[in-house]
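My questions all concern the structure below.
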């Protein structure tokens, strides 16, 4: 199985470990990526909140590249990139005016729908059976809070792969690693990613609520599928401790890292040591050390 | 051949049938239909690769039918029919034109007939319908003669023509058919020879209101040929007699065949193959193709 | 409804000549913002004795392909909005203000800028009004009109971010943070996390560049926002 | 032939976009047209007089009226023509309003089109033949489908007038949703107390044949002469023998095997059960899916305890056929189930409210059962999860209703009222409790309705909050309800113990199937369509089929009851005469030309076509032709189009007439 | 129709119960659609003969719409199912002899679908506009074209008033 791959900017910087772990994990599952040549930024939140034409064009540049490079399905592991690419493509394909305008702007033709997939769809497509078959460890002492965040499943009419309010796919994937999942309330709440730098106060509040609810519902680790979420939930815990002095550090992993652990890779291989909140998993014993 | 003659003679002598509709040799490469009512004439009957006519058309003729309606005892009619002619008989039975009990089918294993009288029996001159024919043994019969032989190989030119037309643009196809239909002289030979054109008064002869313009001008010709083809859609068994009868060589069976292909595609139906399957017209499936409807 | 009646009453008072400082006079431009056909527009100009100007509601409709009147003010968006507590005005009120033609109040508020674009409102809207998309358009209009933005820092961040993409094709975090800090003079924020990031090798000192930088730059140039198209 | 043309302005409705004088003037010059005029209101008395006078004065043979749709005034103009001595079928209507003036803006184009429409009508009327109406007998028996309050009312009204009624109910008992309610608004009187006497009256009425646990599976025929096939599902109880003692129910070992649907799944029931104590008839049913006997052939406890030997495990479904003159459809509604739905479902779920996930997030009917003295909690307000009395309760209105993104655009009409009732019932029973209602608008139109809502707010201190709730989630046994008070402009959060969702009223899942069985139209939601939204609200477009209650659109009890009585009186109007006149639009075969292929017989949806033998002078059958039974033919014309030799003509729409219309293009 | 700008002529054969009522609803709802389509009402879509369509083309129609009740909703239970088979075949036949597919269109429009009726008419008009006048059919024999109005009248007469021979009704 081969998939096109759109890493997204974070994957080359703050979310390096997501990129590393994802590539390693899918390699182990017998899948490979064709990285989109010369991909550029999807425009992220900044583009679409200020200039809809720019946002559309930046995202569609990558869709156009996929078209010319003969790639008909693209995995975008970052939930924000995924959402931008899917929405821009939907808008472009559903409004002839936008289509014509964007085609002219990019000197490209959009003839086919390129299937943009998020990381959940990717693992669903690869098949949970494959994860179970290749599993080295059953992570049965992990109580995982699956955090979808806001952009992964929305809007459900367009992303069309899971329920927008009560999604189940990440739980299914996590359960394939042998870990347990907890039922909690903030699975699809927003962490405020767009304001991570400009309004840190908001982000800290929102992230704190998310972590607290996960802890209250008995989770001992959280799994995310978005570099933005991870930055806020992992890195911002330091600042959180300053604002809320009683805050206890709580490990946050990428989905790919969790799967990597169950496939028998170690923290170093998966880049978990790059997280702010340390997380060690040794055989079947969970060691959640506070740095 | 002798068996056939003997059998027909017996049927007539016993009074089981009122007449035998059959073929009679004209010359080496030509036959003509004969209605045998006198047992003595049974010796004239033949069957070979030159028996082109689809004799089932006679069932729709009032004069022939009247043979069955004698005052004291109604009798059957016997017919010598090629397996493909049996398809027409099936269609006629399904359309209530004749009852299965009223017809005695004498049939043959068939390995094809010639395209036209005077031709040599070989692949080059094989009748078009025989090229793809799959029923060498009739589907229904009361008596069968002969043995299964191999049909000569031949290329399917009519299918090639259909494919060629399908590739054309609408306009090109329109021009093609217009030029073909323009040749029509409204002689209605196609109608006369078709076993399924049994209406007592054809739609084209109806004058209040005038359904089809009767003059043989472009529009009238177009309308006639379309209506003819449409009325035969899902009914035509593909005997190809219309083609043979047309003095102007209009490719009538080409359209018929194309429509039969559509019918098979859309409804998995082939006309005249089974007495049990309901006819295409007059039945429906709730799951029929709904594509063309907005 | 109550709100609108009050506004109209105030408007009546205004007509009598005794203008109050907070009186909002409702303009005819809050008639349905769908682009009107030329003949009806003419009719309109004849009756109202004024030219039909493309209102801000019209502009938003054009940008979002959805009718602003779709919103029936149930408030489900505001109820579920994660950043509602930081907003001056509830999100549903912003739609109401635009529906009423009270553009200044809508564009000046910090609400659109605080919207995180999480799509919670759009997903849950009973009348399928895409509020997140609407907010995008409101911000865009605010920029076009050069309205004073309620959340300067957030805009600066977006500008800094887009600058990175414009020049490198991909975002470059070190440059982004430096640029943002220059714009906001907020030099001390995040100094706690940056060194850690360098140590962990997450931040590279050099930007990641796209090979075909020109094409990305071109996109920016072709789509750049033209300011002050029409007065507010 | 002398034709009169009359062009109606319809006030301004037509003349605003159609130049009526020009149309009338143009027609004057057409061959066959003797007289042509336009007038402001042709349907008015002076307008009709104008037509009659013109017929006399100009000795007209046929008339064409350019006016509104023939569905509106065709009858008016036909009657006018008849009173002036013209056959009603020599009147043609050109639809200049619905099909022309109302749908076009450009005067020039609309006038051109109007002229063509009138020309087509003129050409058709030239070839129209005088026809006489067909008389058919009427079976004076009504089929009422649905035994809720609407069906009960309709059945009693018809039966009390002396006509026979067959009342078919799908469930084991009649009573419908009304029997589930605790109290009714705005009087707060006990629902069952007012309903059960009616149910008993139905049971005892000599003119009513009650068929419970039965379904209508086939309806054939037409007004006055329907033939209905009813499937009586096997109860596995011999109804004639059962005394309704209930011993079998108490002895059945499968005590809690199945959810009790009458209690809205808040309680359980055994395999043999009556839905509720006051059920009519009071005869149990055996649920095969649960019963031990059907599972492993053992048990038979009910057989042992029944001294009347009424249990019959071998009982099979039976089919009954009834001759029916009119049908009243009163199948009611169901509540929108707001559990998670799939992507391709017509409706979407309410995942954000966690219905189906949280046991204490319930719907309105469930609350009715909790509040009902006969319900699972014996009238005490207890929440389903732990049986505790909720001290804080939240009601949410418009769940599903007015929510196009979930698939329902309409207002369910009754929720505002019943939510106010629920809140009051709660406050009356839990004095120290807090009740909150989230609403979008309060729609309390009706006698004493708004006063009722105000009473809830003012006297019972129910807090009304204007705004939709965005999300509900559980935290430590409380349900956090996140909303916004859009009036105050502040976000609100309530930690409720119980949440009641006023979910939408929707038609039953099989409403479209039933509509197809009977042959009546339904809208995109599955509600049955009335013939005219204002003037014929209780009739379906199919003659002889009437509608009552919530199967047509959401309705409360008084509306359903009045609609039922209206439907009943419509049926009785039909029964006032022994015969019925029918449009003579029927097909006829030209026997000389029929080729006897009988394709017409195969396509006829009504089995109206028979085989007819044609004999010669000697009496010998020389051909078979088609023959159309005029009493059975409904005039669809499918046979005429199928006939290859064009030997069938449909009176009133014959081919010559249609050709003339085409030719007039 | 005016000389300077060509306006297509479209005929719609509609059933009385669904589409005609749907068209009425479009009117009562004041929906707007182009004025090119003239409606001919029949009782059921099952009663429309394909020859009607040929006649319409002969009489100068540039396009034809056939519309009835949705499957399963037929007032006569099954008329539209028979019609569906018939039209599917006839449409394929016309396509094969070179008549553009969009000249003859089909739809199911219920009595409650006024909006759909307006949309369908608008779409059909747009499609026919794009195809242009159906000269190819109308001009098939030049002596009957519109330039000779008197001959047109003769043709009309031939179509409708030709003496009846075998019906015995003349």
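To keep things simple, chains are lettered A, B, C, D and E as they appear, and every chain counts its residues starting from 1.
Rule of thumb we're sticking to: contacts are C-beta pairs under 8 Å (C-beta built on N, C-alpha and C of every residue); 3 or more make two chains touch, one makes a residue touch a chain.
Remember, predicted model here, so these are calculated numbers, not experimental data.
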item	value
Chains touching both chain B and chain C	D
Shortest path length from chain A to chain B (each step joins two touching chains)	2
Most distant chain from chain E, judged by the mean position of its C-alpha atoms	A
Innermost chain, taking as reference the mean of every protein Cα atom displayed	D
Chain pair showing more contacts of the two, D-E and B-D	D-E
Chain centre separation (chain B, chain E; CA means) in Å	33
Gap in Å, rounded to a whole number, between the CA centres of chain C and chain A	27
Chain A and chain D, separation of their C-alpha mean positions in angstrom	50
Interchain centroid distance [CA atoms averaged], chain C/chain E, Å	50
Multi-partner residues of chain D (each touching 2 or more other chains)	352, 592-593, 603, 642, 646, 655-656, 659-660
Set of chain A residues in contact with two or more other chains	156, 164-165
Where chain B touches two or more other chains at once, by residue number	201, 203, 206, 208-211, 281-282
Listing of all chain pairs that touch each other, if any do	A-C, A-D, B-D, B-E, C-D, D-E
Touching residues on chain D, where the partner in the complex is chain C	352, 398, 402-406, 440, 466-471, 482-487, 489, 491-492
Residue ranges of chain E touching chain D (in the complex, touch as defined)	1, 7, 9, 11, 17-18, 20-21, 23-28, 30-35, 38-44, 46-49, 52, 55-56, 59-61, 72-79, 82-83, 86, 110-112, 118, 156, 159-160, 166-168
In the complex with chain D, residue positions of chain C that touch it	2, 72-81, 84-85, 89-90, 92-93, 120, 124-128
Chain A-touching residues of chain C, taken from the complex the two chains share	63, 65, 82-83, 86, 114-120, 122-123, 130, 135-137, 139-140, 143, 151, 153-159, 161-162, 165, 169-173, 177, 180, 184, 189-190, 192-193, 196-197, 200-204, 208, 210-212, 215-216, 219-220, 222-225
Footprint of chain E on chain B - complex, ascending	165-166, 168, 170-178, 201, 203, 205-213, 217-219, 222-223, 226-227, 229-230, 233-234, 255, 258-259, 262-263, 266-267, 280-282, 284-286, 288-290, 292-294
